[in-house]
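Next up: the structures, one after another.
Both complexes shown next keep chain A, but they swap its partner, so chain B is in the first and chain C is in the second.
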Partner chain A sequence: MPNKDNMTTMHEKDITKEKSRQKVVKLFVQVMVYAFLVAMAIIVLFPFYWMIISSLKTLDEYRMSVPTFWPKTVMLSNYAEAFTTANLGRLFVNTMIVGVISTLLSLVITVLSAFAFARLEFKGKDLLFSALLATMMIPGELFTITNYSTVTQFGWMNTYTVLIVPFLVSVFYIYLLRQNFMQIPNELYLAAKVDGTSDLKYLWKVMVPLALPTLISITILKMMGAWNSYIWPRLVANDEAHRMITNGLRNAFTDTTGDVNYPVQMAAVALVSAPLFLVFIFLRKYIMAGVSRSGIKG
Partner chain B sequence: MVDNKQQWKAWIYLSPAIVLLLIFTVWPIFNTVRMAFLENYSGLQAAGGKTFEFGIQNFVKVVKYRKFVSCLKNTVILCVTTVPISTLLALLIAVALNSIKPLQKILQTIFFLPYVTNSIAIGMVFAAMFNIVGSFYGTENEIVVTAGIVNNVIEFLGGKTINWINYGSTYTANMIVMIVYIVWNALPFKILVLLGGLQSINKQYYDAAKVDSTPRRRVFTHITVPLLSPMLAYVIITGFIGGFKEYTSIVGIFGENMGPADDAGRLNTMVGFIYDALETNSQGRASAAALILFGIILVVTMINTQVSKKRVHY
Partner chain C sequence: MKVVLQNLTKIFPSRNKKVKGEVVAVNDFTFEIPDGKLIGLLGPSGCGKSTTLYMISGLQKPTSGKIFFGDDDVTELSTENRGIGLVFQNYALYPHMTVKQNIMFPLQNLQGADKLSKAEMLERAETAAKLVQIDDLMDRKPSELSGGQQQRVAIARALVKMPRVLLLDEPLSNLDARLRLQTREEIRRIQKETGITTVFVTHDQEEAMSISDMIVVMKLGVVQQIGKPQDVYDDPTNLFVAKFLGTPPINVFNGRVKDGTVYIGEDAVVTGTDVSDREVIIGIRPEGFELDENGPLQCTLSNVEVMGRDVSIVSKNDASVNPVIRSIINSDHKIDTTVETVRYSVKLHKFFLFDKETEERIYFEVK
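Showing the complex of A and B:
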């Protein structure tokens, strides 16, 4: 018997030893995981940090051979200078006009199309829908070449129209909203029909409110698209009166290498990025919901 | 009767979308193919009444064009480097994020931040970080005012200053900068998708592994990766598609020059080639290049889906 007693205590000792060993390993792994994540987070955040502190430095401080990580004198005047140098006011207005109008029109078109695909029966519906989805595979550049000639023929060069109309229909948004509409039970629609509610009223009073999160996602992505668009505006509307924010930023600061006045340039970059950050802070969940299903920017 | 009413109603609702799609999506598909097969087609000359012969010369010329080959090379290099690097990093970060509780939300937000940025604007920030401020345009007495924060860090760690993007910089250095920037830019979307996938994996698998006291590495390779494989396939395919269309990130760092001051166009990509052709009114050449790009994307996507059919566990 004493022998067995001894065995159990040995066994328990082993267990506690093993347990504490596992605890140490677990703690070590946890520390490593956090260290890795924090290091990556710092790398991810660093460009933003560098943008902001550089934008607040004096040119002399920026040009010091040993960098400072906090501005000695805070030069808010860089922002005023950036604002006037890049003519940011005009660019903001242009971009907002294009963004707001194209978002509103795009929402109307998307809602109507998604409703037709989700609720109405008509010949060739499935075929048409698959054809639309198939166009999503084609790279946009292929369309741009012809659209460039088309808008020239329409006489749309250097107008707001050329920045808005060609991109009003997004098959992806129609698809997204159709999926959402399909989840709304058909009984609601039939009940509304019995009550004599018109389609448009039903759409506006029932479907739109129920699909609001998707509509918000679409709005944000569309606005971000206008804010970040670069290639198409450069081709078709690069005049002073219609220039968009990204093109304006790039045009105002053509040099990125060599001897550059970075504080002012970084201030301009920060001003252009600020609205995006604000949208991000307040509407993050809608952006993330829309993005995870799309795989495309804007 | 109701059916008939629904028919025309549906078409009315669809009409704005259909009209716009016909003009800006369907017509371009046919027209771009048409222009690609008309020899040396130019929109400007066509407007002047010139006619063009049918042929495949546009494709032959594009493929033989030295600039095109270099654009293709740049695009492929950026694709095959950035997609694996960013996918692997995103996977590690997503798995790490999934395994922690405190700080998870904050870190998740931080990692998503680069997504909501303007790739031209932040490209300019990266240029600032890599740029050597000073004047050295091939002259002997080069003046370095400040070497840029990246070089400062390298010096601090005991390395030597590298000319990343300035006059006289090497192709390799340029490419490294581009890869760093593109990976930085590609991470948020991939982390978001992979983390979403991880969070939907049934906890029972891990509990079973715990009961069997499976080592961490085996849990990762035998449970996490297989169950995550649909998401992995998704981010890899979209990553390749995006990678072949790389353009604005290079404009962000190098400007319209698409290369360092002494070698403009060195870093140009397929998309850049198409737009250059378009701007010189060579629609035939642009169309041919766009179709080649489409073909490449199609083939790569097909290869990807074939591979994933064998490897992905749904």
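Showing the complex of A and C:
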């Protein structure tokens, strides 16, 4: 067979050709994907970049009609000024108090009610749970008015209580944790029952450790929520002693003539965002897990 | 500790709200489990065997009837006060605890006079672990163990409280075939060593027969037969029990009795019985056939399966309820696989008659 060698070579040539063609296609797809991702990343990151460079500019440079993309003189002093002008220390403390207390209480309520809905048998359980879920369909902002009239009647204006109590019960977290609890096999509960474990001990020793990732997610989300809350604190607790961080930022930098010192305000914003940034970078695994597990916004 | 079940009945309300009615999971179960024995509750799924086990454990309350441990009426007693150990089908180990913590967990709930010090708990846990031979795995997590090892941990955890009664729910069904054989020996050994009255639930008749002192065969909530495994096999009270026990299963034929002679088709397989004329169902164990050139039962030969020790002959007969008849013959016999028909005679003690309507056993004597 004289041309057998020849045929093999032809075949090999085809393979090499096909291989290089595939390589080109793959490369092209990859370039497109990365170009898209870079474009999206720029869109997302640009405001942060703008915040940081603005916080380093002088007020004059900030007001220039043609904006600069890099500060001519780097004003690190803006940060020190931000801290003192806005009384940031006080704002931080207020926010931490509200954040920590509301998170702790909220966790207790969430764990107990999730356990009840997941494991206990009582009359009207399904109905009650459906009613709770139904409240999720009402946008949170709609509660503002009724909540406002309620807390004024209670005389809670300008207290920590008014910042903490109205948001202790989160249907979403209860739902999230209940789903998590329901995935724990019922046999574990029965086994614990056989051994004489009380419900509370079982909850604490078995369910809570098993649902820890979800609980961490809830903690983070709740803390972030407290940190970011704006409308409600602005309405009900806007005195110096209880003001929360977001509101502090809004008001502190306006001078008597109504002028706002934007670079200093931006410096304050950068300072306030930093903790959230760190939380996100180090704990994003839990945040993502918490949000993606239920397929609903966090 | 003997366990007495007295007219035990469990009725579940129907799940479907539109259909009124109820499901009788266990119907009037009376049985005295002798002290220190291993009892197998056996039946197809949905026969009420697990419900019975859960009622003994106290996790489910009987609708009526009573349960005694020894002379104590425990019917109203809560689970944790009954002193039982329960092993679940999926083992129900706490995944976030080590083997040691899992085994010690039941001890941490002991209150008052029974309260143990940390050292005592550890000692008890180690004793239990040694008994099931997992004392070298104490610091592992359940996920790092094989199925068989997890099973042992579950048994150790059930035993560590020194229960009066040990209950096992389908203990072997999550294990592969080889491990199943090994583990069932193991359960037998542990039960013998501890002498704890043990009840286990299974749907696998081979499993139940091989290790139980007594078996209870159940069907749709009703106890069919209770006895030693061999006795139940040799002397089934009805067609269901006969069919449920034995691999390969019993061969079932439609037949009739006329003038004391039992016919399968036209073949007079047994003569001279004292049964009155009627239609019957005939059951013949696979080992109840004998090759006999002049035998009365004629079947069409399908094929012969050689299994070494025995030979299994697959044949057909129009009166057979199953598509094929399987008979097991000692391999000493030389079998001509080219013939089209085989003739059998039957061994009388492997040959049962059942009523066509009630499927109850018809006892007979041959004159």
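Worth a mention:
Criterion: the second predicted complex is superposed on the first by the 236 of 298 C-alpha atoms of A that agree within 3 Å, B and C clash if a C-alpha of one lies under 4 Å from a C-alpha of the other, contacts with A are read in each partner's own complex, and residues count from 1 in each chain.
Convention: contacts are C-beta pairs under 8 Å (C-beta built on N, C-alpha and C of every residue); 3 or more make two chains touch, one makes a residue touch a chain.
Please read all numbers here as calculations on a predicted model, not as lab measurements.
In the superposition on chain A, A:D195 makes contact with chain C only, while chain B stays out of contact range. Among chain B and chain C, the chain that touches a larger number of residues in chain A is B. Look at A:V260: by the touch rule set out above, it reaches chain B but stays clear of chain C.
By the touch criterion defined above, A:E187 reaches chain C but does not reach chain B.
Look at A:V206: by the touch rule set out above, it reaches chain C but stays clear of chain B. In the superposition on chain A, A:M96 contacts neither chain B nor chain C. Residue contacts after overlaying the shared chain place A:I287 against chain B, while chain C stays out of touching range.
In the superposition on the C-alpha atoms of chain A, no part of chain A is touched by chain B in one complex and by chain C in the other. Within the complex, the chain B residues that touch chain A are 3, 6-7, 9-11, 13-14, 16-17, 20-21, 23-29, 31-32, 35, 43, 89, 92-93, 96-97, 99-100, 103, 107, 109-129, 131, 133-135, 137, 144-147, 149, 152, 165-167, 184, 187, 189, 192-193, 196, 216, 234-235, 238, 241-242, 244-245, 247-248, 251, 253-256, 260-261, 271, 274-275, 278-279, 283, 286-287, 290-291, 293-294, 297-298, 301. Here chain A touches chain C in the complex through residues 185, 187-188, 190-197, 201, 205-206, 209-210, going by the rule given at the top.
For chain C in complex with chain A, the touching residues are 57-59, 79-81, 84-86, 88-90, 92, 94-96, 105-106, 109-110, 157, 161. By the touch rule above, chain A contacts chain B in their complex via residues 29-30, 33-34, 36-38, 40-41, 43-45, 47-48, 50-51, 54, 62-67, 108-110, 112-113, 115-117, 120-123, 125, 128, 132, 135, 137-150, 152, 165-169, 171, 174, 199, 224, 227-228, 230-231, 235, 246, 249-250, 253-260, 262, 265-266, 269, 272-273, 276-277, 279-280, 284, 287-288, 291-292, 295-297.
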